[in-house]
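As structure tokens, here come the structures.
First chain A sits with chain B, and in the next complex the same chain sits with chain C.
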Partner chain A sequence: MSDGAGKAHLPELLRSGREAVLDRWLEVVLEGVRGRITERELKAELTELYALIERAVAGGDEEAGRELRAALAEISRSRARQGFSPSETAVSVFAVKQALLEQVSATADMQAYAEFIEFSSWVDDLGLVTFETYASAREQVIADQMEQLLELSTPVVKLWDGILGVPLVGTLDSARTQVVMETLLERLVETGAQFAVIDITGVPAVDTEVAQHLLKTVMAARLMGTDCVISGVRPQIAQTIVALGIEFGDIATKASLADALAYALECSGIQVTGRTEA
Partner chain B sequence: MDRVPILKIGDVLLVSIQIDLQDQTVLALQEDLADRIVKTGARGVIIDITAVDIVDSFIGRMFATIASMSRLMDAETVVVGMRPAVAITLVELGLSLGGVRTALDLEKGMRVLGAPLPAVRPGTS
Partner chain C sequence: MTAQDVELPIVSNEDVVRVRQLVRAVAAEAGMSLVDQTKIVTAASELARNTFVHGGGGSARVESVVNARGRAGVRLVVTDNGPGIPDIDKALTEGWTSGSGLGLGLPGARRLADEFELDTKAGEGTTVTVTKWIR
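Showing the complex of A and B:
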């Protein structure tokens, strides 16, 4: 955006009409965000952007262009995290065109119109930067959440001295099985547990793949000297397993976690008795 | 060629693998172990693989071979100290070591074989 000194009408217009353009810009953007961000905050953001745009449009200021892009990237990242939609984010940039165009038409200056076209395509570029940053920020958010979900949904708990519990919730795929297996085995080493109860009450469906993954986990635990019990086999799941012809071999399976715990206690030679009245 | 030492504790032979296993070492170990079982009349064999980081299918099969061999000479085999990564590798290789008993560490392995453990002073366990 560097024009000859004599015919740069737009920079002049940006300077003289600063208040009007900024106010109109703020108005358009505010309409879009509907109170999820305060007017004061927005005004501070836009004023900063406006100053950078002014410097960049005036020409010869490479630094301002870079700063502008950085500032836009920062804003779109925070918008993405706050859950704004892509168009709401992009509008914050594109609205400046509308605000400025209104100023240009008010002056009816043909030269300014011509410069405005160039300005417009430049703002489109800025809009693309915004959008790209927005998209990558959102992807980052999704990736973070997936990781958290993976960790959240695979706890290994201690049920008793020497007995671990692995309550599985959600669908079992290879990635999750890997995490479950690793967490369980690490905990086995830490605690020296002799029994592990894998509870599948929260697993919505068991097909051959899930069964294969369960078997692998049990085998790996066995290699480390720990016996596994699978609990939480619901009636429908039992039917599916039989219908699919899946064999659990000599792995003990129980209907409920309580049964599995009782079995594990019995195998470890622990007896739990109620207190008798004196 | 390195040889894996075989230690005798009471009725039990202890093989602690501390080196990278070459195929030759494994074969030598099988021979030595068979000789020692016959010579000492051992009732149990403990293979400690705490220090083993990497396994392949050959080593996986070694455990099974040693176990069957020992069983023929009336000695029971327990593999102890397997690391999580090793266990996962063996499962992925499809080796579940059917006839081999396993335990988490040497102490538990001795208990599996019913071998007497040294007395533990109270408060130190």
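Showing the complex of A and C:
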């Protein structure tokens, strides 16, 4: 929207009908937000947008157009993080058309209608901007969460001097195995641990791929001089592994983490005894 | 959750997990014991991964079934339109692998299930049907 300084009916309408259009816009958008944003916050947002739209529509103000896009991008990003749906976000922009159209039809001014059509396609472009920002913001959220999950899901903890614990939870795919293996091997270097207990209590199913990943991790640790014990082998997992024909060879396996710790302690020559009163 | 006669696409590693979760849900709903649940879920995992890795993607159908004697069970049909299996005997041999796996997936799935049916044609695709009955 640049031309129209002489025949500008729409900018005039935007100015004169500011209160009415803003109120109607607010009303339409409020229906969709269902209390996730307060009316006052929303009003402040829309008033800012409205001022920018006014300046952009009046023409000759390119700065306003840029600011408007930036403001819209900011709003869609915050909407994406607050969990709004894409259409709920886009409606906040499109609703201005509805609000303004009501003003235009009240005047029954043909010139204003003509300008409104141009305005409408301009708002559609703005809507697309919000949509794109929304989508990329959501992708960012998902990427962040995946990274957090990957870090969260692969802790290596110290169980005892020289004994590390690796509790595995969830699905063990190639990407996660890689992270597990790297974290474990790094910690082995740092701590010089003699034993590592890999606990699979939280792994729902052990198929050949999971088994292969486990075997590789154990082999890598072994090359660094650390013995691994696999713990958390439940009855159903044991039966499945036998049926699949997977061989764990000479790798020690235990039913519970406690058994594995006791085994590692025994192998390290540490004796744990209850206190006896003299 | 009622999950009966559901068909899932297998085009990524995440889909293998989805098939596994669906099989577990159907098996649990049918009242299968934890050991048998784990067996059929593991078989599903192997077959779905074969479809994804060797068959170039396909689909899996999970259904709860009842046989002629009124015994209930869970059936899984995994289909792909991949290159097919050239030598079935070899593919069912333990430790033989065309890729980099352990070579235990297909023979293992056969042993984990009660019924196993393999239908393959070179260049047309492979369909594997496994059924586990409730004891």
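By definition in this document, the second predicted complex is superposed on the first by the 276 of 278 C-alpha atoms of A that agree within 3 Å, B and C clash if a C-alpha of one lies under 4 Å from a C-alpha of the other, contacts with A are read in each partner's own complex, and residues count from 1 in each chain.
Keep this in mind: a contact is a pair of C-beta atoms (placed from the backbone, for glycine too) under 8 Å apart; a residue touches a chain by one contact, two chains touch by 3 or more.
Just so we're clear, the structure is a prediction, and the values are computed from it rather than from any experiment.
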item	value
Partner chain(s) touched by A:Leu100 [first = chain B, second = chain C, both, neither]	neither
First (chain B), second (chain C), both or neither touched by A:Leu46	neither
Which of chain B and chain C A:Arg222 touches, first, second, both or neither	first
Partner chain in contact with A:Gln239 - chain B first, chain C second, else both or neither	second
Touching partner for A:Leu185 - first (chain B), second (chain C), both, neither	first
First, second, both or neither for A:Val206, with chain B first and chain C second	second
Contacting residues of chain B [partner chain A, same complex]	79-80, 82-84, 86-88, 90-92, 96-97, 101-105, 108-109, 112
Chain A residues touching chain C - in the complex, by the definition given at the top	171, 173-174, 204-209, 211-212, 235-237, 239-240, 243-246
In the complex with chain B, residue positions of chain A that touch it	178, 181-182, 185-186, 188-189, 192, 194, 216, 219-226
For the chain C and chain A complex, residues of the former touching the latter	13, 17, 20, 24, 34-35, 37-39, 41-42, 45-46, 49, 94, 101-102, 104-105, 107-108, 111-112
